[in-house]
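Next come two complexes, and both contain chain A; in the first it sits with chain B, in the second with chain C.
Here is the complex of A and B:
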């Protein structure tokens, strides 16, 4: 109690008359300081984890990219050579090109997610059942996805028999994974199946945040469902659409699981990350793979910046 | 507030101590014999999955020697990728398996404890030198694998092939006959499984040449993938079979599991694989005698050869010392000499003179000579791996062989000769960069 009284009085005294230790005590008792101390203490643990598991390894990787090295054994510093090599290899360019398939699939994925999100946000029979069903693939582990789709795309198995029901004969169907003209699409389709639910959940969340009064008022004014979508849902969803779009682009540039579990990146399906994995772990060129990773990061950052620019130029001003 | 700060700093200090721990341990090379009643736990990282029954049996049998020692197995999926990351830190555990042709030999002492001088093992164990460096043994192979072809002889017989093919001509004929009969897949190439394609390559070494130093010579050879050379011949058989439609219809979705079942169910005539697969397929077949493992269809002056290689090897962490080291070493001895692991898995037994399992009998009957890769000379240790990495030919792996199958399937516009030319070019470039432009004259073999 005594102490408390004294600490209150610290604030009443004129600042010049305080001793050094009193000044320090006063500094720590100020509300502003206390707030900062709390913030710092609370963020120490997550920051520590972030630094330990993200920034430190990343720093190491940047270091690796200047060496000719394997994980084990001797390392030699070779400067920018790895970076030069990245730009001179046709397979890396091809791998980067393969990301376009995933971006194409990503656009379909987002449109489907938005469509389902709109339907499932209103009164739909068995709403929760459909939500769960559509979200479920996201929970299946990548290895199982590989196994499932291995069978799905096998000649004469699941997909072929389903299409057979619609009168398409086996002879007219392509080999889904063997045929280079279609195998990248087949694999990209698995990523639609897998991630569509995740984008949908994000959209549903955002739609539910829209005040129901808007819908009520607009329907009294005679707005159709389409008009509601166009003038209420879409404008309020803009930030989340942008977010989903950014996640999608990042995901397509760093697509790994699909091509890896289904084809090991063989037959022209290697994406940048699959190629990175192959170079680092199979060919023993960790330095080169690290340089690829750094460049990929720069590309992703550039694309994100570009998106932000476009977003602020064209949408913010409205 | 102060308390929290103090706590935090204590925590930090503690964690630092934790990380620093173990680096300055003094290492005693002496290994005092461990008493029978010693009690401890030993961790063992393994690539074998779903073998809990077997591990339980080993535990029971080993407990007769050390009643209070517990071996904790840690089956690890995607072993080769994961174990490298584990090894980058010394505290990965007590024991593990070293994958075959994986680590350059001069790196063995960086991770593992020596198990004794090579001279001590050489005359008793097969493959003793496979995991040795500078006269010391660092790993004991768990079993050995022979490479060749796995046939279903009944399928061949039904198609009118009475004896197993012993040269490429007979092989093509046999495959064509099976195809003409139309009831079975002649050759399961197993392209979709990736790693199985590498099995073709082992045959290009010992099985074709009968030369134990072939792998070592490869480093100094001029254009070793040119027409007529072993690699060209072996991979051409693969290419031709795929091109002629003698393999499965949709290789992109093939896997070893399907292959195994097809072979056992008389729907497939043969596949190129290691002898370990024989037992797996026989288990599924109603008449196991129909599944026969034989040498690669090739003979040199009437004599057939088969490449054999060490499998994954048991090893002890270099940080393990004292009584624990002794127990680990005794466990390896138990696994090698008493557990019957080789026999159960149909592999080549490690202890010299032990009876061969039934699966390898046909090799013995046909007087097939088994060829093992010799370790390279001291100055060449790691050279093959360096060339392999530099050229990105993925020798011993599947990526470049997949390219051959893709070309044969008509998915790329390359011809087989173009691919082999490219291999030669890359290999030569790597040789010049690493050995020097006079590489051909420096061949010590």
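Here is the complex of A and C:
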């Protein structure tokens, strides 16, 4: 391991024959070589993986976006044409627009999570049971979610039966996943079901980190639950709520699983990533898909920049 | 109310999974089946059709090796970044942190090309390596955790003549246990659930099926025979449910700790 030339001579001599200063020098040289070896040894694999699966694909994608190409075969350089096509294809613009449904659902999801987190932070009967059932959907895998809600939304099945109990007849109800006026909301609602519990657990963690003294002192002063929420919980949760909001926006922009497993993007439900996947892997339009991805990444990075701006503005020194 | 809404889709699926074909066709989805927990025919058919034995085995391998890989690489790079001073240290750190800002799913057009060039499509080790190398959240958590371990420990060990590698494996790694548990939970959940890459990179489903792609069998052929499909759904949910019931506390903590990442 120690192939540092200077130190070799010191290593070859038997230890007894070294002077004290030589011994100290040897010790440090040994450490220094060892340090470099450790750094290289420990970084090489993670760094290689990072480059291979993050930076290299990114570079490839940017390059692809200027070509008319498939994964295999001939490619032709076409300059900015893919980017022009992105802004002129109605299906791509619609897919970008569809993110708004997921953001809408995301706002509901975070509000619900905040609400349940507050309730479950106080002593509530059956607290653990409620927490567990609200959280568990997060652990269900995407394809199962697809079938669960395929079943749920099917004509005459679960949702229709439940609404039937309230006297709504089948004829007046829409086809939840086909009807273009409602299907995006139906799919977005499944993402509330999936992710609400995760946000709730995050918020509960943050509420538990608030010192209980605040609650004790305020209830001695006669504060109501609502006042406690308004003046204690909300201000201390602000950073994590904003963080989750930003993550939600990014997640909505890259929404994929819900529409892919429920409708395969049909009837106007394709999101950007669903469409990108279909263009690249089925239609053989890798260049166009790459241009979409690059634009999507630019939007996502802009959101991230905005997030950092908000943080540095409002939470300086916290 | 919330609990009702959370449970309704799951409970109706459970009901359907215990109904005979005829019962399924004639009763309301909200009706409790007459053979709840006694009629297993749907499960047997779903298990066989979806190649669940293979799916469970594959998923198990993928999760175990992904966890090993990401814990090892994550702690190693965090150790280098947090404990050594060298030129390029900050650059190295930022290169990793920057990668975390980008949702991996948006890069797959490029990643697919790399994967196929490396002959890692349709290969379980290939998918494991990809999982290890993406979703860098583990590194974040380890970086933060290293901050809380006093440096004096390292210094004392160095004076005692410990090598850096020995310090890492013998002293620091055992102390990282809480962070490792957090990463195991987060990464375990994500690689169990992960669908996009498993779907894209393990294309020969007869051989490389995983829990998260196993239900694909039911597309088309079974159309809307939801009594079989629902049994399949319950089978894929069950391992998550069992682990969740046993590890509830750890899972909540893991999720909550994963949040402070930015």
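Here is the rule we go by: the second predicted complex is superposed on the first by the 257 of 318 C-alpha atoms of A that agree within 3 Å, B and C clash if a C-alpha of one lies under 4 Å from a C-alpha of the other, contacts with A are read in each partner's own complex, and residues count from 1 in each chain.
By our rule, a residue touches a chain if its C-beta (ideal position, glycine included) is under 8 Å from a C-beta of that chain, and two chains touch if they have at least 3 such contacts.
The structure presented is a predicted model; accordingly, all values stated were derived computationally and were not measured.
S.K.: Clash or fit: chain B and chain C on chain A?
M.R.: Partners clash after overlay.
S.K.: For A:120, decide between first (touching chain B), second (touching chain C), both and neither.
M.R.: neither
S.K.: Just chain B (first), just chain C (second), both, or neither: which does A:95 touch?
M.R.: After superposing on A, A:95 lies clear of both chain B and chain C.
S.K.: Does the superposition put A:285 against chain B (first), chain C (second), both, or neither?
M.R.: A:285 contacts chain B only, not chain C.
S.K.: Can A:241 be said to touch chain B (first), chain C (second), both, or neither?
M.R.: neither
S.K.: Identify the partner contact of A:69: answer first if only chain B is touched, second if only chain C is, both if each is, neither if none is.
M.R.: So A:69 meets neither chain B nor chain C here.
S.K.: Does chain B (first) or chain C (second) touch A:263, or do both, or does neither?
M.R.: It touches chain B, and chain C stays clear.
S.K.: Which chain, chain B or chain C, is in touch with more residues of chain A?
M.R.: C
S.K.: Is A:180 touching anything from chain B or chain C once the two structures are fitted on A? First, second, both or neither.
M.R.: It touches chain B, and chain C stays clear.
S.K.: Quick check on the superposed pair: does A:295 touch chain B, chain C, both, or neither? Answer first, second, both or neither.
M.R.: Neither partner.
S.K.: Of the candidate stretches 146-154, 218-226, 254-262 or 398-406, which in chain B collides with chain C after aligning the structures?
M.R.: Clashing stretch: 254-262.
S.K.: Determine where on chain A the residues touched by chain B overlap those touched by chain C, and list them.
M.R.: Common interface on chain A, chain B vs chain C: 41, 71, 151, 154, 281.
S.K.: Residue numbers of chain A touching chain B in their complex, please.
M.R.: Those in contact with chain B are residues 28, 37, 41, 44, 70-73, 150-151, 153-155, 175, 177-180, 183, 263-264, 266-268, 278-279, 281-285.
S.K.: Taking the touch rule as given, give the residues of chain C at its contact with chain A in the complex, in rising order.
M.R.: 2-3, 5-10, 12-13, 16, 28-30, 73-74, 76-77, 79-80, 84, 86, 92, 95-96, 99, 101-114, 116, 118, 129-130, 132-134, 136, 139, 158, 163-165, 168, 189, 192-193, 195-196, 200, 211-216, 218, 224, 226, 229-230, 232-233, 236-237, 240-241, 244, 248, 252-253, 255-257, 259, 262
S.K.: Which positions of chain B touch chain A when the two form their complex?
M.R.: 1, 4, 8, 80-81, 84-85, 87-88, 103-104, 107, 110-111, 191-192, 194, 249-253, 255, 382, 385, 388-389, 392, 394, 397-399, 402, 406, 409, 411-412
S.K.: Can you list the chain A residues touching chain C in their complex?
M.R.: Contacts found on chain A: 31, 34-35, 38-39, 41-43, 45-47, 49-50, 52-61, 64, 71, 112, 116, 128-144, 146-149, 151-152, 154, 157-158, 161-162, 165, 193, 196-198, 201-202, 204-206, 240, 243-244, 250-251, 254, 256-257, 261, 273, 276-277, 280-281, 286, 289-290, 293, 296-297, 300-301, 304.
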